[in-house]
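Both of the next two complexes hold chain A, though its partner changes from chain B to chain C.
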Partner chain A sequence: MKNLVKILIMSALWALPAVAQETPDVMDIVEKANHVSYYKGDDGRAKVNMRIIDAQGRERVRAFIILRKDEDTADGKDGKQKMYVYFNKPADVKKMVFMVVKNMDRDDDRWLYLPALDLVKRIAASDERTSFVGSHFFYEDVSGRGIDEDNHELLEQDETYYIVKSTPKDPKSVEFSYYKNWIHKSTFLPVKTEYYDGSDQKIRSYTALKVDMIAGHPTVTASRMENHESGGKTLMNYSAVKYDVGLPDEIFSERYLRKAPRKYLR
Partner chain B sequence: MYKRLPIVFLLAFAPLAYAQDVELPQGLEGLGDFSIFEEEEDEGFPVDLSWSVESRIGFRLQNDVHEKDVSIGEVRLQFGLTKDFDSVSFNFVTDFVFDPVQDNHGIDLETGQGFIDIRETNIVFSPFEFMDAKIGRQVLTWGTGDLVFINDLFAKDYNSFFIGRDDEYLKAPSDAIKTAFFFGDTNVDIVYVPRFDADRFIDGTRISFFDRAGGRLGGDLSGRANPVIANRPDRWFRDDEQSVRVYQSFGAVEAALYYYNGYWKSPAGQNPLTGAAEFPRLQVFGASVRGPVAKGIGSMEFGVYKSADGAAVNPLVHNDEFRFLIGYEQEIGTELTGSVQYYLERRGGYDQYVASLPNGAIVDDKNRHLFTVRLTKMLMQQDLKLSMFNFYSPTDKDGYMRFNVSYKLRDNLKVEAGGNIFYGQEHHSFFGQFKDNTNIYTGLHYDF
Partner chain C sequence: MIHISQTATRRPKIFLWAASLLSAIMIALVVLPSVWPASFGMLNALQIDTDPENMLSVDEPVRVFHNEQKKTFSLYDMVVVGVINEDHPQGVFNASTLGDVHALTEFAKTIQWQDKSGQTQGVIAIDLMAPSTVDNIETEGVGTVRFEWLMKEAPSDDLEALQIRNKAQNLPLLNGTIVSEDGRAVALYIPITTKNVSYKVVQALKSKISEFDSKDQYHVTGLPVAQDTFGVEMFIQMAISAPMAMVLIFLLMWYFFKKVSLVVSPMIVAMVSVIATMGLLVMTGNTVHIMSSMIPIFIMPIAVLDAIHILSDFYDRYPVYKDRKKTIDHVMRELSAPMFFTTLTTAVGFASLALTPIPPVQVFGIFVATGVVLAWFFTITLVPAYIMLMPEEKFSGFGLDQSAGENNSLMARTLHGLGRVTYSGAKLIILMVFILSGLAWAGITKISINDNPVKWFAPSHEIRVADRALNARFAGTYMAYLTLGAPEDTKPLDQFASELAQSMQAHELLPLQDMSAGVSSLVTGVKDRQELIEQLSAALELRMDIVSDEDWDMWDDALTWVGSQLSAGEVFKSPEVLEYMGQLQDYLQETGLVGKSNSLADVVKTVHRELFAGDEDAYRIPASRRAVAETLITYQNSHRPQDLWHFVTPDYTKTNMWLQLKSGDNRDMSALIEKVDQFFLDNPAPDGIGYGWFGLTYINVIWQDKMVSGMAKAFIGSFIIVLVMMVFLFRSLWWGILAMVPLTFTIGMIYGLIGWIGKDYDMPVAVLSSLSLGLAVDYAIHFLVRSREMHKQFPDWKSTKEAVFGEPARAITRNVIVVGVGFMPLLAAPLLPYKTVGVFISAILVLAGIASLTILPALIRIFEKLLFKTKTERTS
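Right after this comes the complex of A and B.
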């Protein structure tokens, strides 16, 4: 409850139409941006469609349902999350399930269920910055990048956006040397993210294409990730988005890897 | 600074936050009304159907006097149907196969012989909140090994595996009743197979092998001219199998106990009068753990195989065994995963076994050590996949390497090529006996 009040107060504050333009704490902005991007509601579900388009214009399609549930933390901060991804398309991955437990203190736990073999496979946590299901989005773009992995700096702000520059603490672990994030002031939604290499060349960029208000949560329902080096891009579309579905914890277990929870996938 | 403002003052602005529920805040509505997809909603269609077709052709790289030069040459049409009712799902998957390499075409749903091979016909339901049931023909898998099985005693198809069919065909279907119980932390799976389901074992029809009972004393290579005649236990509800798994997670570590009561899944005995291959009784007790280790996933599993009574002194029946496996998998580069396993097969009652052998017979080692390595690399937005899996046994001085390259031309069109390379110094060792079956293949898969 205390936290709710705090959040209300905070959002009220940020909703203030540019009262005295004080320089807010950049960690505060980043924390909120992370929250609205990955932690809306106590849980959520969405139908996701992807169009993966390479430089030659060839197209691949992915369709899956994502179920997400956040774990309560003692301090009310954003913490552990569980994700269940059920594939519908393409045909060769239909009915496959990918499950992730996102841990705060160590690598994520991942499982893959292959229905043709009835095999529950534990998969090694990979580099977070590799392609998610063959798209131009990385695992980290889908599940969120730890806010403590970068040093953040508020570059500038205008009427609508905070522009935050983030520099990795461990440059060797990532392919970029820094990124800039345009964070919408009143909602804290990152609307544009640009990744740069060492010579300030833009190598990759994310753009929110459509935002819908769903159950009180401003939600990006269409977005684009472009790789400027390869010329490829992926368009991602969220539909049938629901928050606070009341997903039981058991969904994220071997039982439901083998037997999809149809009720929540429809 | 703002944090110190009086709360009353701040609360006065709270309604502003709620106001956002009504319309999008400034700066976001301008993003446009972008729709990426013309939603083709196929929901509401009464059943979920799927069709795919694939053709494969492959050749032996050397002459094998016991088999055809063509190792695989088939067209396979797979049809799948799923129908979900309120509380019950029905699944049906079948393959229609045109396979001229096979000599016999009589339909046998147990061995997969003939033009039809039903892989699934089952219903799935939850009679209680804490219980799931799956009844009918189904594919079953458990355990931690990667292409090495200890406590997974569900039927395998080694012919498919060795000639380069898709990985999914390594598992042969079982006609079974699977019940799963979920008691919070501890879960129990019980699988009952009312009539023994054997492996689709190497019987000479597709793959030549070393027949220890064949030819002169000491055995000889054998193939399709003299396929194995096996005497399967086949009485309903009497020649049955029971498999149990009890499993629980401790944090990120998964632990399981296993029990199996049935028969050796591939021939492990011989009838002294008829010479027919037999499937002696078998009980297995085992356990496994799997969890994160360093930057990857580690696993360990063992099983104690209790063969039929008197196996130790009977040269015609496999002895008891102790099987142990330890494995580790990790991402070792960009889109590159590597894994290693060590596997031990130790023969029980070894001295008795040696003493029971007739003069001149092949004497197996007490311990069979096996190492496996897997490498998987993805390229081109994961459309191109390169994979390699190698088994090597220092004790048998033999091995088996599988490799495969697959490329998705489109989402529903995949072309692939691969090989199954057997090597070894002796004709009779586990992998060495298959040397003449070394083959390469290519295939095309299309999903409708």
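Right after this comes the complex of A and C.
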């Protein structure tokens, strides 16, 4: 019996330095998580089906194709990114396009092409936490929140996850007071994100429902965003996901808003 | 009946003890579950109900529809906070006030808690409307449209505050709603989970407001607030008016009968009756509503009426017998029949209220009727029992001083004088009755039916002050909702499919023609249209994978066409329909009855304008359905996309217009309903669209209509029942009709007066008619019963009337005074309906007393031969 205790103590002592070594830098985790969420491959393409379900269970659908291309940066870090979102459903907004240029040094540029009104509009928003086409996802959830906008803190870790708490540097610019991210240890995919208000009430939460390995990249192919205040949720399903398609730069321009690059949307 | 009284006189102690025990049990049964609800869960606790919606029963179609629509469009009851500043040149649009408004809004969002069942209660933060929680959409430079919070942070200076005002006033949905039309005040609309939490929410808001050090005025209002205040003031009414009535009645009786110890007995009767009735009300699970809160003050005066007759007769007779037992025996023999009948008629009058379709009025009627019968029972037992328990020597010197003759008191002399006038001036009296009736009829035709629960508060009440202040500045605090809906498409799936195949066949797009044949095979395996379209789209997409790039566009167009077949049912994306809604809104504005209307059409027009550089000419509905869809999806890119679903259902088959009215008068709402009916008649809606109303302002109109027609029914019902009872009581049709004359005249006069003075025919006035009927007939019964009795001892009416205008007339007069004064304490109540009831019921009873003492003898004089025919024959 005494021996057994000794062994336990010994092994505990032996384990201690290992644990200390395993505590990584929180910024490292956050950067990796950001990369696997938004910067896989040089570019990407996916068909997205969105079901917006309100508290009463009433459902609306959106279907669109996302094209994404990353710009090379000098230091090899994740940088500027362009996104082209082409709508197929609802049928009455088909051909509508939403385009984003994500800048590192200033607010993102956003364009909207409305075919029936024959309008290309730049959208200026005071913040990016507005609804993405009526869903419970925000623009920022689709394009990614800049990792420098929050202070990050590794709350705890278990066998599978790093749990990171992020607190905004400018609390007035957002509707939450902090959020917690469950980041998968081996893939660095955030599988759950919970947003809290000032009185520690959970107001919103994101869940990755399905992860597939596509071209060597672990990819979330089904996810859910819930708004706990309104009781509504949005389900997103990804299909026909491709990486390194070889998207040309010029399709991310105003000209291609009016004339969709059919080749890459088929 | 006389046996019960005789039993009581034999065993007085048992009866008094039993009554005390009954009261104690009743009190215990109410107090225990109210104070310790956990330990006495099986008993019903005292429950206050201040919800005007409960004027209609829960399953009433209008109310069911109202609740369905509230759910469909995610609408909640709202607390409205209006902020006004009279000192600053820019009104509330200065940095300091908006700073407070911002802080108040942030605070309001946090007023939430978990209830016992774990549900979140309080403010629904996500739907809160305030400058800092709504979105601004505007053009920014060339080709750019901006979405932002209207007031993300408190402005740093007054100029910024002014910019916020200008932005808000540029948005039709906010102008007049969040920002006052004069641009000097703001309003917050705070939705709450249920009405029941409004008190807690308002208290929290008020305590936050009290922290602000400013000259701003904060008005907290909204129907939920009004209701809470009802609850409080109902208790004030019960706590002040009822005891006051008690004291007044006691003092009057003391004056009449000069003996405190004797007068205590009717007070005991009144107390026991009230306790027993209210106990029964609570025990049976009924709530205390604005109507039922008046039960005590109704039972109190009525309960003492019979006791006054007994004491009055006892007072006049005792000097003859000088023995309380003999006197009581005489009194009870003389009075038991009329007392029984007056009790029945009164009970019938109140019970007739059960014929109205208004649950609180039914409860009121039934329980007052119960109370009246209980009071009768306690009167004929406890009063004799009490008298028997008093020592005989206490009565020495008691009673009307017979030796000095009957004519010495002022009341006695006046009544005898009156008796003679009715004899000599009978024809003149009847002529007067005819003239007055004509005038009353003219007045009745002028009656205006109207009500407004907010006006139940006194004009100086903070709710009325807020009501005036906010409606003078904003588009209106009274909400009505007009919902439009497309008729349900009941076309069977097979027919839909074959029509779809036909139109595909006929379409110019080749892929559609190509695929049309496949529709009939798809339809067998699907459950509804949506699935059919999805299957067809999938089939198209499969083909698209293999078609050439040149053909792809054509196939893509075909896919779009198929997809749009489903959205054909989305009628409220149709430009034609939205234009129609716009016309309806313009029309509503022209009626002058609507302060402002907000609809889906306004959303589309505003977004369209901002997409086109804020150009006023672009403030219109775009021409195509797809263009409308694009403005709507643009709108959903805001911070509050869910706002759209307050105006339209996600399937775009139903829409909701939010109308803000400056007046909550039912008259104005009724006028609006008529105007809208007319609009739909003159301008038939496209696509067979129908409409319906909901909202509390509308519900008020419905229950008022039900009340008016229900009251007419109740009145006619009780009139006929009482007439039949009278015919039965007097065993004569003529005497029966005669008994109905004074009260008919009285009620006609009172309603004529209401018409002439322009008092609205509202809830309390409506209730008065049938309840006063049962009370007003009492005097006629006593008068006629005693007249017939006394006529047997005299040769003719001329000599009979001298006796009738003795003790019987005095008893009636004492009753008139006691009841007339007994209801007066209602004037001290803070809510106007109580005052109205107090004034009019007193007026009705006093007038009925006078009418009974004048019209009846005058008619008897004129129709003496007809009425006393049998007797004359017998004697001759």
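The working rule: the second predicted complex is superposed on the first by the 242 of 266 C-alpha atoms of A that agree within 3 Å, B and C clash if a C-alpha of one lies under 4 Å from a C-alpha of the other, contacts with A are read in each partner's own complex, and residues count from 1 in each chain.
Following the convention adopted for this analysis, a residue touches a chain if its C-beta (ideal position, glycine included) is under 8 Å from a C-beta of that chain, and two chains touch if they have at least 3 such contacts.
This is a predicted model, so every value here is computed, not measured.
Clashing of chain B with chain C is the outcome of superposition onto chain A.
Of the two partner chains, neither chain B nor chain C is touched by A:K202. In the superposition on chain A, contact of A:R255 is made with chain B only, not with chain C. Using the contact criterion defined above for the overlaid structures, shared-chain residue A:P218 touches chain B, although it does not reach chain C.
When the two structures are aligned on the shared chain, A:E229 is found in touch with chain C, with no touch to chain B. Applying the stated contact rule after C-alpha superposition, one finds that A:S239 touches chain B and leaves chain C untouched. Set against each other, chain B and chain C differ in how many residues of chain A they touch, and the higher count belongs to B. Contact with neither chain B nor chain C is seen for A:K192 once the two complexes are overlaid on the shared chain. Contacts of A:K263 after superposition on the shared chain: chain C is touched, whereas chain B is not.
Contacts of A:L112 after superposition on the shared chain: chain C is touched, whereas chain B is not.
By the touch criterion defined above, A:S131 lies against chain B and chain C together after alignment on the C-alpha atoms of chain A.
The clashing stretch of chain B relative to chain C, chosen from 117-125, 405-413 or 423-431, is 405-413 in the chain A superposition.
On chain A, the patch touched by chain B and the patch touched by chain C overlap at residues 54, 60, 89-92, 94, 114, 116-117, 119-120, 122-127, 130-131, 133-135, 232, 262, 266.
The residues of chain A lying in touch with chain B in their complex are 8-9, 11-13, 15-16, 22, 49, 51-52, 54, 60-61, 89-92, 94, 101, 106-107, 109, 114, 116-120, 122-127, 130-131, 133-136, 159-161, 184-187, 189, 191, 208-213, 216, 218, 222, 232, 235-237, 239, 250, 254-255, 258-259, 262, 266.
Against chain A, in their complex, chain B makes its touches with residues 1-2, 7, 10-11, 13-14, 16-29, 31-37, 39, 43, 50, 52, 84, 89, 124, 126, 132, 134, 138-142, 167-168, 170-171, 180, 182, 187, 247, 252, 254, 290-292, 295-297, 299, 329-331, 334-335, 337, 381-383, 408, 410-412, 414, 445, 447-448.
Residues of chain C that touch chain A in their complex: 71-72, 74, 110, 112, 125-126, 135, 140, 143-149, 152-153, 544, 549, 552-553, 560, 562-564, 566-567, 570, 573, 608, 611-612, 622, 624-627, 629-631, 633-634, 636-642, 644-645, 649-651.
Across the complex, chain C is touched by residues 54-56, 58-60, 89-94, 96, 112, 114-117, 119-127, 129-135, 139, 172, 198-199, 201, 227, 229-230, 232, 262-263, 266 of chain A.
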